[in-house]
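For clarity, chains are labelled A, B, C, D and E in written order, and residue numbers in each chain start from 1.
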Amino acid sequence: QDTKIGILLGFTGPLESLANDMAAGAELAISEVNESGNFLDGGTVSSERGDTGCIDAGLAVASAERLITSDRVSGIVGGMCSGETTASLQNVAIPNGIVMISPSATSPALSTVEDNGLFFRTSPSDARQGQVMADILNDRGIKEVAVTYTNNDYGKGLADSFETAFKESGGTVTINTSHEDGKADYSAEIGALASAGGEVLIVAGYVDQGGAGIVNGALDAGAFDTFMFPDGMVSDTLEEKFAEIADGSFGQNPSAAGEGPDNYKKMGEEAGFEPTNAFSPEAYDAAALMLLAMQAAGSNDPAKYKEKVMEVANAPGEKILPGELGKALQIIKDGGDVDYVGASAVELIGPGESAGSYREIEMKDGKMVTVGYR
Amino acid sequence: MIVVDDLHKHFGGFHAVDGASLSIEKGSITGLIGPNGAGKTTLFNVIAGVLKPTSGRVTMDGEDITGLPPHELFHKGLLRTFQIAHEFSSMSCRENLMMVPGDQSGETLWNTWFGTKRIANEERALKAKADEVLEFLTIEHLAEQKAGQISGGQKKLLELGRTMMVDAKIVFLDEVGAGVNRTLLNTIGDAIIRLNQERNYTFVVIEHDMDFIGRLCDPVICMAEGHVLAEGTLDEIKANEQVIEAYLGTGLKNKDKVGA
Amino acid sequence: MDLLNAFIALSNYVLIPGIAYGSQLALGALGVTLVYGILRFSNFAHGDTMAMGTMATILVTWLFQSMGLSLGFLPTALLALPFGIAFAILLLLGTDKVVYKFYREQKAKPVILVIVSLGVTFIYNGITRFIIGADDQNFLDGQRFIMSARDFKQMTGLDEGLAFKTTQGITIVTAIIVVALLFWFLNKTRAGKSMRAYSDNEDLALLSGINPERVVMITWMIVAALATIAGTLYGLDKSFKPFTYFQLLLPIFAAAIVGGLGSPVGAIAGGFVIAFSEVTITYAWKKVLGYVMPEGMEPDGLVQLMSTDYKFAVSFVILLIVLLIKPTGLFKGKSV
Amino acid sequence: MTQTVKNTILFGIIALMIIYTGFEQSWNSALLIIAMGLISSIMALGVNLQWGFAGLFNVGIMGFVALGGLAAVLVSMPPTEGAWSTGGFAILGALALGAGTVVAAVMLMKRMAPGTARTLAVIAVLVIGFFVFRALLDPAVEAVEAINPAQSGYLGGLGLPVLISWPVGGLFAAGAAWLIGKTALGLRSDYLAIATLGIAEIIIAVLKNEDWMSRGVKNVIGLPRPVPYEIDLQNDPSFVERAAGFGFDPVDASTLWVKLLYIALFAVVLIVLLWMSQRALHSPWGRMLRAIRDNEVAAEAMGKDVTARHLQVFILGSAICGIAGAMMTTMDSQLTPGTYQPLRFTFLIWVMVIVGGSGNNFGAILGGFLIWFLWVQVEPMGLWLMSLITSGMAEGSALKAHLIESAAHMRLLTMGMVLLLVLRFSPRGLIPER
Amino acid sequence: MSNDPYGDRGNKDWSVGNAKGQGSIMPKASGKTHPAPGGPFLIGDSMTAGYGAGPDILHDCTIAVDRGEIAVIVGPNGAGKSTGMKAVFGMLDMRKGHVRLDGEDITGLSPQDRVAKGMGFVPQTSNIFTSMTVEENLEMGAFIRRDDFRDTMAQVYDLFPILKEKRLQAAGELSGGQRQQVAVGRALMTQPKVLMLDEPTAGVSPIVMDELFDRIIEVARTGIPILMVEQNARQALEIADKGYVLVQGANAFTGTGKELLADPEVRKSFLGG
């Protein structure tokens, strides 16, 4: 019996450059499961992609509709951007009773959305990241920062939660202003940020979107030398582009210590994509979680396996890393318990979202190095 | 009826109308002549509100109408035709005429939904009227033809036809005759005279054809370089040295050699 | 009070970036305006033409880099630019033959051509992403700065740095050369005049013995060159990303329209109006005022008229005001 | 073949395409296409009124649609507790003051004689007004936005039935159109283009950044619906029973039923608007518009108040877009300002109007359905094309991987191809003006 | 449906596209010419033609002019005079008939190629480049010439002194009559082998009209045949060697100018008595 999983991401649009590596991550999990042959009494899994355009709710809904009602998928890995995710969740997934596990929709609003227990995410809410950022800055003794965020629910939510947390801990935000992605020129933003000043510039954006433009501009004009990079920025691209010229900058992204990410990186590179690109690990995890939950429920009926998602994600049970999906399936089959850790240290809390373990990175000698986890 | 007082219209540094003063009597057919570029059309355009004057005043029946927009002047009874035909090219010739009258109840959006009967009646009357005008202009066979697809002269006729769709007080005709067949032009002349006599229209006529001017107009005003050069009956004007030199000329030099 | 520092800060954050961005927009707007003036439609595919041309340039640049060719402190892309232009010319002539020519010969209304060009945009869009992908591409090499902010500070001992990037220099110089060439071509050469004649009155141009297909061909060639140059300069200065090039269409069109669609001088003026209205209106004067105001009276706040959130909105308001004063754009009448 | 027969055939083809989708993919997809097609058609109708009949070039459709969306939020969401008392009224006051300042400046401009005194007075009024405005607004906004930012942080709406927001959306759009029209119409049309382009950007900027109004980019989700929730239907035994009677399982039945209800609502709106436009356009009013479009100078000389007429049509067309915008947000049941992109909401609508045949209402509707159908369906078409191309290639080859990866981009490419093909064979649109 | 399948209605919005100056001549691939010796210098021989897919406008109509001759076409409005001129110039599809120039059948040639063969034409409407200066208009007239055309230009300026004055002004800013002078001047610049004028004197003042006719006579006397349409028919026929009266697309009367002037029927019906 074949189980279909929908992969609903923004393959076109402003974040198109992230989508393929995310989809590849999810598909990697699927092929791993298929290779193991342990899935649901020897069933196979296949996937079907759907495009959301990232910012096109209409398209997202239509694609979700197609995946669910015509391709008859049993679950969806997606959506990608928070706005589009709520649209397809509320208009298609919930009415049809389909489980959605989003790897990357991080808006705090999704924590409280009315979801009938169908929505999960393998990334933490941005409310948490803001707190982590304030802690990092305080530990580094930085008191004054400028913030620029990508003007969407992710950027705004993150910037706001950070500002609140940082102010509470006694810091000053000299300016908290947005930048639009995909625009032609950021001189105006750089000018304003430079004028406001601050010890570091926090760029709550996307590394291959406006975020890079801002960092480049700020460096070129000599406005800032040190930056803080939240999750949307941290990736290989960041290292490639800025490790050298923004020495001493630092940041964090949802990630866990140790083997999980390393394994995943290796697997991804073998499979020929960019596994460290933002949210690619989360996408792998989302797909893996979904399949493990099906296995645990012994069925690919969303109404049944939705109950199992939290169970396989959290303790107790044997810890499962990327590359061990076959093993996990076997354990579950044998009636055992698993605690899926995966590529991004998945630990689902409260409303079914990642608790959020963050990796702190820093640019040192032209390399992006991990300096700790929180 | 119309009094133009020291009117100026400058284009950049060029003074197209340069201190023109003239008055047009009610009930007259006034001819306006003058060399190419004398400023006749520009004067028309200023009076008709298409161009804003640089300075000066235009009054109509004592009321200051300087700079009023054309559509308001239309409703005051001032109509004009264009030297370079301005037909509604994608509409049929009949529609070109039917759209002219200003008080159509069907032009109010509300009525198009809730006043259909009234509109239908009005339309019937308009159509009859338009067909009458078309017939008069000898282009009734073009009623359904798009106005963009008729000959240059026919467009001129249509221009004239529009002024016949409503009761105007004063009509400015800018070279209706240019490009119109002379036989037809005579008929048009008759029509102008009839409108003038029967309906008491006032006309101002720009024309370069002296026969036509002679048949219709009294008085005749000759403009040059933006101001009035001479005024009087055509014969007086024709005798004016300056007018001859600037405008009328003395005939063909090569005429005798024709066919040689 | 420190006027010098204030001026340097202003130059660094407003003047220089504004001029560079303005030049890039101006070159783009020139292409749009030429198509509008001569081929008579608003070419929505221009942004993606820029992307295609730039893509070709990048590919050749990579080839050269792998062959070890370089231009010293100048970016290798300049060496590749002629190839990019050649590619864009072939592309546009090909597109014209396959797509636009049909509508031109049928005397289709301009709006049809506009929508057709939207279709072409979609196709270019797909092809670009297909070949080079949707990601950011950085193809800048050579020396990054003519003068970096840090060097400047060291050199002058001032508090404020003034950065002048190589790419900004190249952009400005190239823009001046290209514009001068274009004007000479349009106003002084036979071919240029025949283009203006064709733009004015197609039928009469025909009756004067001008070959319309030749005019169209030359136009596309110039447009291809302009698009590739604009795209490459922009890509060097910022970065190459297909999506951004599509987005560039908006400011480019705005520039062409305020300048007066169809007018090359206008396109240039328009480019700068757009660039500067984006950069200046939302500028936070805190720093500059900090230098200018007497000790102790430096402002606390940002002294910003509007937050940068509204930079597009504000720049559009500026455009509206410009057009309110000059309803036909800055330079109507002196059209192509 | 007469025109009517041809048109019927064209609509028939679209219907067949949708029915095919129903059989081949799912009826849910098919119905969704119909629902969105109806909304698209309404937008196209509005644009057609402006362009096809009056020759007004509106490139700010997106803005009017977004205003409709805003109306949906402001009308239907429940008011946020405490928001009005903490800052709501102060915000309204500030806005009134802002408007007052502008009016005062305009009055001064009109009343005073030109000269330095006037300039100074106007500038003084504007500057003082601006600072007082900011001084009033900023703290109030902060107070409102501080209320539970993750969930609300805005004033909320009036808590009225969402259907009311449809006409209200129309009014909002009409108001914006009036403002633009007042300043921009009557001047050259380039100006209108920039003005609409600009106003659309401004509206979106406001929607994105004024969190107190509609949460900005944080989006408002969970708008009330005019139709029942699927879940409620699934839990309603009598519905389940009836569905079973028709041989449907409850999930499918509920989703289909809800869509049908939406379609019915939309269809009513479309039909009313269509009737009204048809009537208007085949009347002397429509004739006057065509005359104006053909030759403004001559129309003006024939006593038609061109500016007033343009303003009227511009407002009407924009209002229609506003209504459609409210309808769409109602169906999405969320407002996502980030979704408003010119490509999707301005240019795509233009494609609908032109491909359908500008100047013809039925053309606009046909275009609305056809283009929306393609917009949604070219993705699977692109994928299918790619898998067809790659089917012969070796598994795991780099080229194949690349091709598959690029499949999503084939969506636009396919769209472009289809667009060019359609226009090639009917260069005036599918149902051209008579 | 209209005759013109692709020409939509109106919509002259300037930001979308630029309908200004858009042509109406349907492009056609140039065919071959073949010798057809004998006959007059230029002849449109039994032409039947119409616009697009519309009805025939010309019915078996013949117009000809020989070296050193002036031929004038008169007739009521809409008779097909302009259509006849356009047909001779290859601006519409001829359904029947031939055009021969200087012993060559040129029916298949495109308008550009006819220009190259030495035909010059001043259309009735939109006959100048409005956005170009007067001087540039004249230069465009000489576009196909590779020699020095300054002499010709000086002659044109002599003929129309006002143009010299307005040399650097955009032609679109001229008055109606001045434009007409530019249009004729442009055609003269070509130094054509045959000159076709569609109502060259429409809207010009009497003095300019006289000069224009004078000049036309001079040109004709240099051996260049001139074919013109005129509504100032009496003046025109006086200088004409040959006159055609067209009615509803067909030749109604043909004769020398004097004959036609003397024909009471023609006078009454077409020359205004």
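As a working rule, a residue touches a chain if its C-beta (ideal position, glycine included) is under 8 Å from a C-beta of that chain, and two chains touch if they have at least 3 such contacts.
The model shown is predicted, which means the values in this text are computed figures rather than measured ones.
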Chain separated most widely from chain E, comparing mean CA positions: A
Winner on C-beta contact pairs when D-E is weighed against B-D: B-D
Computed distance of Cα centres, chain D from chain C, in Å: 30
Distance between the centres, which are taken as Cα means, of chain E and chain A, whole angstrom: 74
Whole-Å gap separating chain B and chain C, where each centre is the average of the chain's CA atoms: 49
Interface hub residues of chain A, defined as touching at least two other chains: 12, 16, 151, 178
Touching two or more other chains - residue numbers and ranges from chain B: 89-90
Per-residue multi-chain contacts in chain D, two or more chains: 51, 188, 190, 193-194, 208-209, 290, 294, 358, 409, 411-412, 427-428
Those chain pairs that satisfy the touch definition: A-C, A-D, B-D, B-E, C-D, C-E, D-E
Residues of chain A defined as touching chain C within the complex: 12-14, 16-17, 151, 175, 177-180, 182-185, 187-192, 194-197, 208, 212-213, 216-217, 220-223, 237, 241
Contacting residues of chain D [partner chain E, same complex]: 51-52, 55-57, 59, 188-190, 192-194, 290, 293-294, 358-359, 427-428, 432-434
Residues on chain A engaged by chain D in the complex (per definition of touch): 11-12, 16, 19-20, 49-51, 53, 55-59, 61-63, 65-66, 68-71, 81-84, 86-87, 90-91, 94-97, 107-109, 111-114, 116, 127, 151-153, 155-157, 160, 178, 272
Chain B partner contacts - residues on chain D that touch it in the complex: 276, 279-280, 283-288, 290-291, 294-295, 297-306, 312
Interfacial residue positions of chain E with respect to chain D in the complex: 1, 5-6, 8-16
